[in-house]
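Each of the next two complexes has chain A plus one more chain, namely chain B in the first and chain C in the second.
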Partner chain A sequence: MSGESTDRATGGLPSMFERYKIPLGLVVLVVALRPLITSEMVLGYNAIASKMLIMMLFVAGFNLLFGYTGLLSFGHAMFLGFGIYIPAILVLNGAWVLPAGGNITFLVGVILALAAVAVYGYLLGTLIVGMGEIYFALLTLAFSQAIYFIVLRNPGELTGGSNGLTQGTLPDFVEQTRGEIAIEAFGLSLDWYWAVAVVFLLGMLALWQIVRSPFGRSLVAVSENEQLARAMGVDTTSYKIWSVTFSGVFSALAGVLLMIQNSGAAIENLSVFTSGDTVLMAVLGGVNYFFGPVVGAFSWLFVEDFLTNFELWQFPLSEVTFVTVDLSDILVYWQFLLGALFVVVVLTAPEEGIWGYIRSVASWLRKRMQQVRA
Partner chain B sequence: MSSTLDARTRMQRLLSERSPAALLGALAGVLLLGNAAVQKPGLFIDQAIGGLVYGMILVMISLGLALVLGLMGVVNFAHGALFMLGGYFTYATMASYGLPFWAALLIAPIGVGIVGIVIEVVVLRRLYGKEPIIGLLATFGLTLMIEEAARFVWGASAVQPAKPEFLTGGTDLIVTQVGTYRLFTVAVSTISVAGVYYLITKTDFGLSVRAGVQDGEMTEFVGVNLPLRFTAMFFLGSAIAGLGGALRVVEFGIDPGAAEEFVLLAFVVVVIGGVGSIFGSVLAGLLVGWAQFLVPVVLSALAIVTGVSAINVQGISDIIPFLVMIVVLLIRPRGLFGEEGLLE
Partner chain C sequence: MSHANETDEVGHAKSTDRGHDQEPSPIEPAVAPSSAVLGVHEMTRTFGEVLAVDTLSLGIEAGELRAVIGPNGAGKTTLFNCIMGALNPTEGSVYLNGSEITGDAEEQRPHKGMARSFQSNQLFADQTVLENIRLVVQTARQGAFSMDLFRSHYSVGRERAIEIADDVGLTADLDAEAKNLPHGEQRRLGIAMALATDPDVLLLDEPTSGMSPAATAETASLIKEVRDDRGLTVVLIEHDMDVVLSISDRITVLNRGEVIATDSPDAIQGNQAVQDAYLGGMREEI
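And now, the complex of A and B:
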């Protein structure tokens, strides 16, 4: 970080870059992600890129609560579930006056889902933020499990129980041809990845604005030293409640995208495993940083897809092979290695993660370069 | 922990301090249970024993969790994985090595205890005195590893060893028949829970561990090898969870998902009972077990009496533990017998 002060002193382009590096990074990410990830060399199919963006948004929403406010939610899948199920149910059944399957029904569903999550998050926060962080983790888990079981029971034939909702949950403007999704609106056709990218960018920029606003700074103050913050007149309880609310809304937004991506609602997205994966992704990526969840979600999904498809380890190259090891039996169990990595990360630097590691290596390199130049 | 010592006085105080509303609620509960017992006596006894068996298994898991949480301040998410390993070790001893059930009942808890020691020495020792959240995260990672290892060795689907011959039959109680194995489970778990409870509250070993929790430096100063005691404590907690797994696998089988399912329930039990209170965990375990099995009976009996079939909610038993926990925490945030200020 030694270069920062000199950049700011010179003004102009470098300082602008310094100031807007997060939005710039997001745009670069969105533009570069799909060509890189979907090429034959790497994963080789399209849907993974949009799924990555969706999960990044979801985990970033989660991290507003964990990384910035210091509240660990072990039941974040419920917020995702609100975003998945409410629009799907509305589109499928139609509302009282709205036609089933209509675009307006879907938009109403989205607004309703976000509003419901906001109200639910606010009430939940009011009930449980005051009890300490372990209780917060366990209570979010309990609430999320309760919701999971309710959805599983299929009340009023609305949620589809363990089968989820698979038919007719998409609004009219979503076109599906052989597994590829496109958005048809105003006579234009937009590829699904770019539609996700737009929502992703808007969502992440809103998050970024929240994080760097006085509100976001107060959240950090609450998590760094709650007593000090309270002594200085910050109403910590109220900030925590609003953090739960915002975090829930962003997660529900990701849920809406996930519903279209999977063209339906699956009960697995509500389960405790989804909540657990969310925590894993955030911590692996590095909860201290805005880009931590992005890196975490990326590595998690990449490893999941790459390693489970990766069967032969050929050394040194596939053209000139000296050693071939069949890894397919072992790599199916990639979660074991990831679990081990996770434990190591938590024991050594729980808030840094992969992104923190990359940053420290980068800053070390920069320092070395300056020394060499001098 | 003083709470474990004067549990009886606490109980008395708890009763004398109750408000009329709470007493009315208790009366309503008794009436509902009585109604259910009159309407469906056979089913009621059946479910009561089912709840007792389930509750005792929950107590066995929660006990280890409560020990580690209350005494060492570490939220051990991996405790469910240890329970699961107990089931798998039993299966391995009986099905793969052909040893009798008794041998498995001895080998499985010891094996799980050894795994527990490894976990304690390698991971948990680094977590004492740190923020509880860090412990929760680290042991969550451990859970994933153990689950994945179990899936690697025993596969993803459930396994179940054959029930031993002499426990397969039923025992005739007047209104209904109960599997002998269930009664056996209750007996074994009661003995082991009572043993651990005695060890913690009444022996010098338990005393020195509790002293170490109060003031580690001073306890070591007077000559107690504290790390060794903590490891022994962890062995004990793991072994009893392993025994619970061994008892359950014979009747219901076990699969890798059991790790997270049961650690959740154990947390619910510990939180309801109150963090730091072993007595509270025992009581809450039974409470949750019974609530889960009896509420459906009570509701269906009530539906018969009132003629409103909507009362008989299907599948409510899965949500019951969480509902009980939410209600308890809202009314009494530190749990039934918890100490003030712990983990708050």
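And now, the complex of A and C:
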């Protein structure tokens, strides 16, 4: 361990652990998240764990564009919205040869949603990536607001307007009993969390592969120094357009999961606040790292849920409590606390985030350990 | 020493002295622009009212090491930017190997065989030295855009990048982040990245600026070496007259966006117009 950096010849390949630590980390995360987070001691209910995975995937998709390509989208909720609304509308109404409510209808809806986002993302990217950073942010905001208002107007009674879609949007294979969702397929019943976990893992692994591929390294080149990248022969415009496209598709995939999670489509998920929260979660976690958005989404939802539910602080958490503090007056300001944390992160290390801090503390500890041992 | 004097003289000449009273004689390029490896034909570039490059023509022969010198603001870097497509010339055209490339996108030019280094250090600052070079090798191999999604970047261009780093003497720094390198090594990384595009024509914008005399000499011999080894054509903007006089085959002198002389190093030193416009009182020192 201590010889890790010195033994390795310069320019040598990183160790197997270095190369595959991200997939490993993802598996550990998926396995450990629910038991940890839903225990009585912490949040105490199941739905939060799957919601966390969904938002992690969504923010990670966003960060492909922001962290890896250097393009700030201020309207990423629109991509989430495609994933939420297109399958929901199709399952609710059916279309042509597709019956309402069927499993096939839903799967077609999902494919349609992802394909629509890909086409839309590509066209949008072609239109706006050349405009410069500020205008990219403003135009994504404008487009997402346009879509928000279209959905709000409830064209053809399809989107449900401000009420959203609350009934009949789920395919047959989704079973709901007392608020718990399960997937019934091929005679098997799969808990919703594990169904989400599988999609999450596949989605995150695909993102990871994009990031580590030659294509993904070109995205990083574009974000680090666009002028240099172009001078060295990188077609920066095309890479940006495809980054918008991929980012949108992964965000829409998270949208599909969110629609099932919430048993319907809510217009809040399309709003500018969702877009804003996405940016905040990514920055809070650390846009420079693959796990940054994961940590950001986790911290955000955890703080939101934990603080709002946790009004009495008891120590220890048992029958016999020695200390009880009423925190309800302070904790109504949870957004203020989160905001303060955000300000600290941005002022001290804007691209590092919480995950960057954790990494530096870990590497500092490792160095200390080596010194102590030596 | 000579460096400081030269800068003073340049600043002086620029601010007070329009110099020679004779008509700036049109200098015929030794090689017609369309038949040279790199040709510039009557190029003009203006910034608003300012004329940065003024109906300038150049013809660089294959294998030539050409220095472009001139006082600050003479239009040297603008000329490079117009040749490389970072700027569009207001008028005129650029030829590479006989075919016109004036309208080609900047990112296409490295794939046609020309590459540049920058006057200020332009790097992928957070990436390692190896990754900086590897990214360029990857781009040179795969083209301006490639949807190469299904393998790891480790498998593309790594060995070649290590070779190039070795050529320019950066082997010891392969794993260092580019932003942590000393200035001189960053300049050399810039050259390495330009070489990684596997160019026929290499344009270097002040490759020795800010270097110690020892590092300057080293870089000068590096440039000559890569030219000789790879049969490159090199165009060099340089302020250090020792470097210019020692390694270049021919020197082009720019002043106020115009070519005032193109000749061998010896002849340039004896050229009165150049003396007046640029070298000033440096004659004795040279």
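Everything below uses one rule, namely that the second predicted complex is superposed on the first by the 347 of 374 C-alpha atoms of A that agree within 3 Å, B and C clash if a C-alpha of one lies under 4 Å from a C-alpha of the other, contacts with A are read in each partner's own complex, and residues count from 1 in each chain.
Here is the rule we use: a contact is a pair of C-beta atoms (placed from the backbone, for glycine too) under 8 Å apart; a residue touches a chain by one contact, two chains touch by 3 or more.
Keep in mind that what you see is a predicted model, and the values were worked out from it rather than measured.
Q: Report for A:Leu338: first if it touches chain B alone, second if chain C alone, otherwise both or neither.
A: A:Leu338 contacts chain B only, not chain C.
Q: I'd like to know which partner A:Val272 touches here: chain B for first, chain C for second, both or neither.
A: Only chain B; A:Val272 stays clear of chain C.
Q: Please indicate which partner A:Gly216 is in contact with in the superposed arrangement: first for chain B, second for chain C, both, or neither.
A: second
Q: Quick one: is A:Thr236 in contact with chain B, with chain C, with both, or with neither? Answer first, second, both or neither.
A: Touch status of A:Thr236: second partner only.
Q: Contact-wise, after the overlay, does A:Met16 reach chain B, chain C, both or neither (first, second, both, neither)?
A: Neither chain B nor chain C is touched by A:Met16.
Q: Within the complex, which stretch of chain C touches chain A?
A: For chain C paired with chain A, touching residues are 84, 86, 105-111, 115-116, 118, 122-127, 130-131, 134-136, 138-140, 142, 144-154, 156, 158, 162, 165, 171-175, 193, 196-197.
Q: Which residues of chain B touch chain A once you look at their complex with the stated criterion?
A: 75, 123, 126-127, 132-134, 136-138, 140-145, 147-149, 151-152, 260, 264, 267-268, 271, 314-315, 318-319, 322-323, 325-326, 329-330, 333, 343-344
Q: State the interface residues of chain A toward chain B in the complex, per the touch definition above.
A: Touch list, chain A to chain B: 72, 127-128, 131-135, 137-139, 141-143, 145-146, 149-150, 152-153, 272-273, 276, 279-280, 283, 333, 335-336, 338-340, 342-343, 346-347, 350.
Q: For chain A, which residues count as touching chain C in their complex?
A: Chain A residues touching chain C: 10-11, 13, 19, 209-210, 212-218, 220-221, 224-225, 227-236, 238-239, 242.
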